[in-house]
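Letters A, B, C, D and E name the chains as they come in the text, with residue numbers starting at 1 for each one.
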Amino acid sequence: MLAVERLEGGYGTGRVLQGVTFTAPRGAVTAIVGRNGMGKTTTLRAVMGMLPAVTGAVAVGGRAILGLPVHEVARAGVAYVPEGRQIFPKLTVAENLQVGQRVPSRLWPQDRIFALMPNLRERLGNDGRTLSGGEQQMLAIARALVTDPAVLLLDEPSQGLAPLIVQQLAGIVRRLREVDVAVVLVEQNLGLARAVADQMLVMVKGEVVYAASAERFREEEASVRAQWLTP
Amino acid sequence: MDQTALFVVQGLNALALSALLLFIALGLTLVFGIMRIVNFAHGAVYMLGAYVGATAGQATGSFWLAIPAAAVAAALLGWLFERLAFRPLYGREGTAFLLVTFGLALCLTEAIRLTWGADARRLEPPEFLGGVVFVLDEPFPSYRLFLIAAGIVAAGGLWLVLHRTRLGLLIRAVSQNPAMAGALGVDVRLLRGAVFAIGCGLAGAGGVLAVPLITAYVGMGASVVIDAFVVVMIGGMGSFVGTVAGSALVAATQTFGNFYLPEMALGITYALMIVVLLLRPGGLFGEEE
Amino acid sequence: MTNRLSRRRLLGATAATAAAGLLPLPAFHGSARAQAGTLRLGVPTAVTGTWAPLGAQVVRTSRLFAKTVNAEGGIDGRKVEFLIEDTQGVPANCLRKAQEMVEREKVNILLGLMASSEALAVMPKLAEWNALFISSINGAGSMTAEAYVPNMFRANTSGPMGARAIALWLEDQPATEFFSLSLDYAWGHSSVEVFEKLITGMGKKAIGKVFAPVGTKDYSTYIARVRQANPQALYVALTGDDGTAFLRQAAQYRLGEKVQIVTELVDLLNVKPVGESAVGLVGSSRYTFAYDTPANVDFVKRFTAEYGEVPDTFDGEHWQSLQLLAAAIRKAGSTDTKALIQALEGMELTSVKGPIKVRACDHQAEQQGFVVRVEKRDGYPHPIPVVIKTYPAARVTPECRKASY
Amino acid sequence: MPLLECTGLSRAWGAVRAVDGVDIAVEAGEVRAVIGPNGAGKTTLFNLITGAVPKTAGRVVFRGEDVSRLPPHAVARRGIARTFQVTALFPRLTALENVRLGAQAVRPDAMRPLPVGAAAAATTEAARAALARVGLAGLADVAAGVLSHGDQRLLEVAMALVQRPALLILDEPTQGMSVEETQHTVALLGRVLAAEGTAVLLVEHDLQVVFALARRITVLHRGRRIAEGTPAEVRADAAVRDAYLGNLD
Amino acid sequence: MSRLPWLAGIAALAAAPIALAGFHLGLLTEVLILGLFAMSLDLQLGYARMVSFGHAGPYGVGAFAAALLMAKAGWPLPCALAGAVAITAVVAVPVGWLCCRAGGVAFAMLTLAFAQLAYAVAYKWQSLTGGSDGLAGVPRVAGPFGLELFTGRVGYYALTVALVGSALLAARAFVASPMGRALVAVRENEARAEALGFDPRRLRLAAFVLSNALAGLAGALYAGHVLFVSPELLLWTVSGHVLVMVILGGTGTLFGPFLGAAAFLMLEHEVSALTESWALILGFIFIVTVIVMPEGMWGLGARLLRGARRPPAVEPRHAAP
């Protein structure tokens, strides 16, 4: 479980985060939605330890991780699928998968990965840069999964993908719940978020202004959208 | 000496020279690829390897012990320096590293002179490498053949490390995207230290291998590091294949150039680099900046 | 000395934290208060850099000289103190250091300059400084020819003189076709020029030459060129680490089996790291500890007692220049520059290299020429040069103000 | 003759066709929006027009002159100013200096190696005026890098406006702005554009902004132009709904 | 800004010939010349991020040009200096045009290569340059206009102060000019500057040529100061040293390089007078300086003087919103 409390900070002197607080339970997908520039990506980067000066508290399964260097956050069980995928372009698919994998994966042995993302098996020997956008996104998720994370941070996975691929993606994200991982999904594509989330958070100007179960969100969606998601 | 024999012998000469260059240039390019640092102190580390190797060889009477002794000493120094002087500088501009490695080069050169004195040190290769083999009736030193072999082993070994080991995988990952590698649990700072140590170790090994040819002397590192820079630039910074090709090209240019155009000896390497960089600013195998 | 002390204080903070007694200060230099009457000699030389091994010889011989004469009560009752500073072999540095010694430290005698280019940079300034420079190392022929200045004396054997000695020796040898390999440096060029001229004058042939840049590490391509030219003998004018590298590599290519190698300069500095394979090498010698003169035997004894090894070329050459200076001071009864010049001109002396005579016309010290062969001798850990031929000064010294013959 | 006429603009990165044979024309004084889902090739299209990215194929004619092969600085000096999707400023220089550089760049003495007296004053004056127009007059001496995100976006607009361009290319001008900031920006742009008659090529995700400013809209999807027309026509277009509007919902 | 430091500086330089005798005045002259040399590099390094490994090139070309014009052509000193600057600038145009095609390390290596080629030419062209021995005994030709004034030590010092001062003012004017501002814009954000309408390559070439011309002036002054030139002036070690001076003093400040040059020369000269192992101390000082003085000596000095805290660090905004 990921617990984030009163996260404040940003880049340089700007404070993008104004006290972000939320928890993301295991075996569930927590979606953070909100318009551009509201601090969604910054929140993920702060959790990951990629922002220099951040105050507040972040805990994974009760262990405080804020202030740890990035690699130790990763080893504490947080996996990150960044915006733009950030595939290693000149490593093969197989090698991309091996970077984060220290020991053979317990929860995500290769067969299980390939069952989820069959395309990757065929492209194991290809360089990352030759993959299509959708394949790169799958690889980025697979690369995070093989680290056996307790928390999986997904940043805008649908960006630039065709609707069909986004649907596939939704299927994959839903199945991640099976392995007891806390998924945090940052999305602008409300359709995707709504389709996979168990919990919905809305961020506005560096704060979480709304948090509810997916069911409740569906009931209140019209007012939520009117209030926070449309200009 | 007939033309064929001359050509073959000169070809072998070029290969032996390129093997020596390779040891220094591989370390430089490896360090540049992952740290984006131009290391001015690389020549001094090469010299350290030569002195440590010569001393270890004389003390133990074994050439084969001299090589690892030199490589380990150089690698240790590199590791230490990365921790003490580079760590506070990560995130700063490249010029900071220029000054700090320049400072190291000064310190190291003088420390070597203080420790070993100004006189040259020698180290003899083992008996069976001390003789000659006949290539088309021309005597050719066995030791130079050994150098060629050593160059192949070093380049091949490094290639295997880079492409067949986990360490190599991480090195390649960090050189392509350090932030992402860190997010996947790779300790980037530790890896940088390791890479710097490996680069220095290679230079140290190169230093001791040069001793039977030129002895170990203060100043041996000064010009060789410029040649190695040229190799790395011609090949493309950070490119393994480019460095191998670059060292062969530079060695061939020097060997054949100094033969046919000895008056050009001072400038021919630079002329080669200018031509290559104007045609391909990123080097032969590098990516455009 | 207040100057010196105040600037030491200035640097105290940085220097002390960094060095804190770890680093040896050069002897005598800056040694607190000099007694009135102490004779201070300026030695701007290359302690570090390419020429460091030669600079080390200048430094140790200077120290030995000071120790020796001061133990005997000094020169004319004046203690000797050396002001040794590092020029790195760079002419601009040398000029600055020399100028500082003259103008700030009130030194009027300079010795031990390393590279010919350093000497040539300093020489035009000597008159303005009213200073005297006695060369002990610089071999460039031009110093006593085109670039001659009255305030410079050359105590050492010049490059052309070395070339002359080896050429004379070769006159009696069977080889008739020669190739030259030399350092691409003024000294190398003038040596080869003189050598080729002498050889062709003897009816022998110079069939080619090549100059290698200073700092060449791989001589294989030059060795291939020599093989290609296929001469009977190879004349080599390389020095320092370049000479060592060439001799080692030539031995590895067994070049000596087909070509007789003769060299302009035989130094222990090269012979030691080359080792056994240097045996048989013939060349001229500016100085070797093996000279059998009483002055040399005494010098070698003192030197060995002090440093545990025999003196090398520039130990002897530098010692000779210091002997010359001491004699001149005694003769002049003063250290005034004008008086010393007068005393030195035409002065005769028996030094470690035998009889020498400083001629007035171009200030070159006429001295014998030696040809040595490197041999293995008991009692030495390395091969040593043995004198095989000595030529009288008249045969090896060029005409006045001439760099050639 | 349109102010800007692009025909067959294409750019491929390897096998990926980021922009694929796009035609687009802008009339003088027209505000034209380009919309499309992420990755549709909108920013690449702008980069092709301004010369920042070399074209694989296609032609750009501006005021009757073929500018297809010109480098970005030459295109800019011919009267096309732009803002960037990701804020691009001179972060260590003051806001005023940022705008001054914009004003200076289009002057004949833009790269004069000697100080200029009167011209410098004129440049500063123009810069101050431009800052005032976007409401940043009070922040003139603050380093651009420490301005708030919204102010940085406005500063970019000021840098472009001060150049008095014939065509202004705005790449997501309200990206990341708060509601108030967005409203402010839209009002400001509407005012300024009306006053100056500058033609605009606008990329924006916020469709309300698009509909507020643009009379005509071009829709890109996967590098191709799939629709073009008035807001109403575009809203009604089935292909557009599929590719973009529908997806958002 | 207060005029006081300026006046104090000018007064100190004017008083120097009275207070300092002989050698020290010469040393001060050398410091000023090296300061000019370092400042010229700062013009391209500090204001355009053009890291040159070959700045010895224009320095040596200027030195040889001045020496040859005086020694072989018999030009008067001021004319020889002007001629040397002109020659350096003319040489810099094609060289700069080629070097500025590349950026980053490739630019650095190209400048190195051209400087080394110049070294090779100076070394091999013995009849003109004296080869490895260099040209000694270069005269300071007074010329027909009664310029004997400058040939003495104090006169030459005065000439150096005047020329170095003018060069500094010219450099400051350049930095403040539209071109200088545009150059800074290119340094800060090249794509943005280009989109505004600035031509980065032309700007860089201009900075290169101006920087080289001033380096040529420094070289020419140096030749006139020591009256000796040799190919060593063109060697890569000189390029390395001047780079160190600029970084040590503080890049992008114009004044910093003077401090850096003074510190470098004094340290090397003075520490080497104290101990043979001066390089150990010097190297150690460099390492420590980089770590504790990120803005160089000038930056540290300015901060201490103002008693102000460091200005807030501004990082370029991250790509992610």
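Going forward, contacts are C-beta pairs under 8 Å (C-beta built on N, C-alpha and C of every residue); 3 or more make two chains touch, one makes a residue touch a chain.
Computed from a prediction, not measured in an experiment: that's the story for all the values here.
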_Fewest hops from subunit C to subunit D - one hop per pair of touching chains_ = 2
*Hey, which pair has more contacts between C-betas, A-D or A-B?*
A-B
*With chain centres set to the mean of the C-alpha atoms, which chain is at the far end from subunit D?*
C
*Compute the distance, rounded to whole Å, between the mean C-alpha positions of subunit A and subunit B.*
43
*Centre-to-centre distance between subunit E and subunit D (centres being mean Cα positions), rounded to whole Å*: 42
*Please report how many Å separate the Cα centroid of subunit B from that of subunit E, as a whole number.*
32
*If you average the CA atoms of subunit A and of subunit C, how many Å lie between those two points?*
75
*Tell me, which residues of subunit D touch at least two other chains?*
145-146, 149, 175-176
_Quick check on subunit B: which residues sit in contact with 2+ other chains?_
109-110, 113-114, 222, 263, 266
_Two-or-more-chain contact residues of subunit C, please, as numbers and ranges._
23, 48, 184
_Please output the residues of subunit E touching subunit D within their complex, sorted ascending._
173-174, 176-182, 184-185, 188-189, 191-200, 202-203, 206, 210, 312, 314-317, 319, 321
_Residue ranges of subunit E in contact with subunit B within the complex_ = 45, 51, 98, 101-106, 108-110, 112-114, 116-117, 119-121, 123-124, 236-237, 240, 243-244, 247-248, 251, 277-280, 282-287, 289-291, 294
*Interface residues, subunit C side, partner subunit B - complex*: 23, 48-50, 52-53, 55-56, 184, 210-213, 215-218, 220-222, 224-225, 227-228, 230, 241, 244-245, 248-249, 252-254, 257, 269, 272-275
_Touch list for subunit D against partner subunit A, complex_ = 14, 37-39, 145-146, 148-149, 175-179, 182-183, 205-206, 208-209, 222, 242, 247-249
_If we count contacts the way the header does, which residues on subunit D are in touch with subunit E in the complex?_
50, 52, 71-74, 76-77, 81-82, 84, 86-93, 97, 100-102, 104-107, 109-116, 119-120, 143, 145-146, 149, 152, 159, 163, 175-176
